[in-house]
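After this come two complexes, each holding chain A, first together with chain B and then together with chain C.
Our next item is the complex of A and B:
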């Protein structure tokens, strides 16, 4: 699956949530959520998808009755699982290469790819900060007050270090000519076989057809 | 011919009134290595950012005076922390080095030529297929330098380039700096590795609180005023600490000669 062209992966990740909201619930949402979670399992990101989606279910249950919670919850789960899957399955450098090969500006491609890679980067940094704080005696367990104190000790360094790094990274990228309008030479553009291009258009057509059917 | 000129340059970072650089005038020509020395906060890094056209254009702030750059190639800057200079868009060291040349839109053949040359110059051949995120600090620093060299800068700005390197790596880097200068590259280096400078720098600029306090040949590092400010070479500092008379020797060889003559 990771060998698919980046645009094909993005098309799948976009089509699943679109279909989840277009198709009638709960069957539509159930089937798209099943596919998205299946993809997440294949990309070894099932736990992340479930833990990210769980709070939405909790809030929905507080606000709605059970059938509405199930209907919306399945759609949100599809969205979350699709995003988590595409982040795990699509390395940012491949996306940049594909976008540049398709004629996009390098800086636009970088911003798009950096958005996808932000979550894993922040997660890794948070883990390092948590380890460092544990070495200094901070425990993330215990009562609510203790957990809140621990959260502050994790969140502040995470945000501040991320902001600091953004500044330095911006300078480094600028000096390496990642500037607006730069026409980058693709080094190893991913292959885009006709079959995948047809499949992408097929997904667009399927979403359009589903929408037309629902509006009829 | 490459030429960088600062004429009475004063620079303030955003939302600050105190200047980070004040009335700095400086000229650097192609083939010359100029070393910036000073205590932390003296303005060396800021001077490099201004010289690299990153301040105020990217970092913001206000500038007075004139900065002129003439040269056939781009300006390249190596910042002190290698981790934050990774593109994040490369699977391998080779791709990381190629990041800059690819952004220049060069033909692929030319990119390959430049990257292979830069990789060889930094001795990175064995690391070419490694994931850059798995490298040590020293290896990463060499990758970042190679990435800048592959862009063929005619003005090279180095901010603490040996901070992550071991002694062998540092010596190789200083040799490379001299080699680049001999090929016509203008180089400004901010470093606290003062003992390396007598063999590397054509000129030393002492910055203090954003101002140029003194400028002169590398022998300046053995002057009384710099040794007192802890900005002299180790040999000069030891000579002074031993109560021996000035002028202080700059290098071990000079100290040995002076000692024999006593």
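Our next item is the complex of A and C:
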């Protein structure tokens, strides 16, 4: 499954929740949830999918009757399991390669990849800033005003330091000629056989047909 | 789009994602997940803000898939922040905080139908509990869902606007002048 083209994986992950919402409940939701959970098992992400979906069932039971809980719960389980599966089955660099190979602008691929790589770096920096501010006597406890002041002391250095990096990053990109609209040649583009392209369009057609059938 | 604004998009999106660590440290019931969108809009204009919002939702969805349906809210937040920046509402806390409260109402109005139709008002534990409280107070299902979203968004967006105002004023003038909207947003141009 992981050898499929990234766009095929995304098409499956998109089609399953769409079908879960379109097809009549509970049979539609049950079948899509079963497929999505089966995929999650295959990608060894079943536990993550279950732990992510479980709170929704709890809150749904708190707010709705049993039939509504089952209907919405199965849809949400499908959505959660599909996303969890696709995240486990599709490494981000492979998706970026596929986007570049498909003719997407290198800037779009950069934005996506740079966010993925910058987020953990900034999260680690946020934790370091929190530790440093605590060493300087910052107390993140107390009343609302004190906590808001503490939040400002933590967030401001993080955001300002990130903004100061913008110029450095821009210079690095300019020297590599990654200007908006530029196209790149991917190093190892994922293979995209015609069968998979047809399957992707087939999934789109299946969703459209299911929608037309439901609206009839 | 100039390269500096292109670079601003992932940096601003990463700021939104990283701020959860700061929020966890102070244990406040805030999301601050639109900080990057508002900041990018105030610095680079609506296109940069919308792109930041979409990227934030997409990358957040990889961690928690419940974020993706709310991408519309990010786009509306970017458009609202652009109007606020054009009007120079980031010039002081006195103008930014009420603007943030306004955004809280708009964000709650926008997110309620998504939360109601897609999640049955169970987006997060906090929203589910406040929705249950709304129901217990006798509100109709959609009204209770709006109550839940409103409680979550109202203060969050005001704090976010105040935080962005602090950042814009904390930026050295020379750095701020490199972004097309920064000085106008703080009423300095």
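Methods note: the second predicted complex is superposed on the first by the 142 of 216 C-alpha atoms of A that agree within 3 Å, B and C clash if a C-alpha of one lies under 4 Å from a C-alpha of the other, contacts with A are read in each partner's own complex, and residues count from 1 in each chain.
Just so it is clear, contacts are C-beta pairs under 8 Å (C-beta built on N, C-alpha and C of every residue); 3 or more make two chains touch, one makes a residue touch a chain.
Quantities reported herein were computed from a predicted structural model and do not represent experimental measurements.
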{"item": "Touching partner for A:187 - first (chain B), second (chain C), both, neither", "value": "first"}
{"item": "Touched partner set for A:195, first chain B, second chain C, both or neither", "value": "neither"}
{"item": "First, second, both or neither for A:137, with chain B first and chain C second", "value": "neither"}
{"item": "Which of chain B and chain C A:167 touches, first, second, both or neither", "value": "both"}
{"item": "Touched partner set for A:56, first chain B, second chain C, both or neither", "value": "second"}
{"item": "First (chain B), second (chain C), both or neither touched by A:177", "value": "first"}
{"item": "In the superposition, chain B vs chain C on chain A residues touched", "value": "C"}
{"item": "Touching partner for A:96 - first (chain B), second (chain C), both, neither", "value": "first"}
{"item": "Partner chain in contact with A:84 - chain B first, chain C second, else both or neither", "value": "second"}
{"item": "Shared chain A contacts, counted only where both chain B and chain C touch the same residue", "value": "92, 110, 114, 121, 165, 167, 169-170, 173-174, 178-179"}
{"item": "For the chain A and chain C complex, residues of the former touching the latter", "value": "52, 55-56, 59-60, 62-64, 68-69, 72, 75-76, 79-80, 82-84, 87, 92, 107, 110-112, 114-116, 118-119, 121-123, 125-127, 129-130, 140-141, 144, 147-148, 150-152, 154-156, 158-160, 162-167, 169-170, 173-174, 178-180"}
{"item": "Partner chain A, residues of chain B touching it in the complex", "value": "49, 52, 54, 58-59, 74-77, 79, 81, 84-91, 95, 98-108, 111, 144, 147-148, 151"}
{"item": "Partner chain A, residues of chain C touching it in the complex", "value": "1-4, 6-11, 13-15, 17-23, 25-28, 30, 32, 35, 39, 43, 51, 55-56, 58-59, 61-62, 64-66, 68, 118-122, 125, 128-129, 131-132, 135, 159, 163, 166-167, 170-171, 175, 178"}
{"item": "In the complex with chain B, residue positions of chain A that touch it", "value": "91-93, 96, 106, 110, 113-114, 117, 121, 165, 167-179, 182-187"}
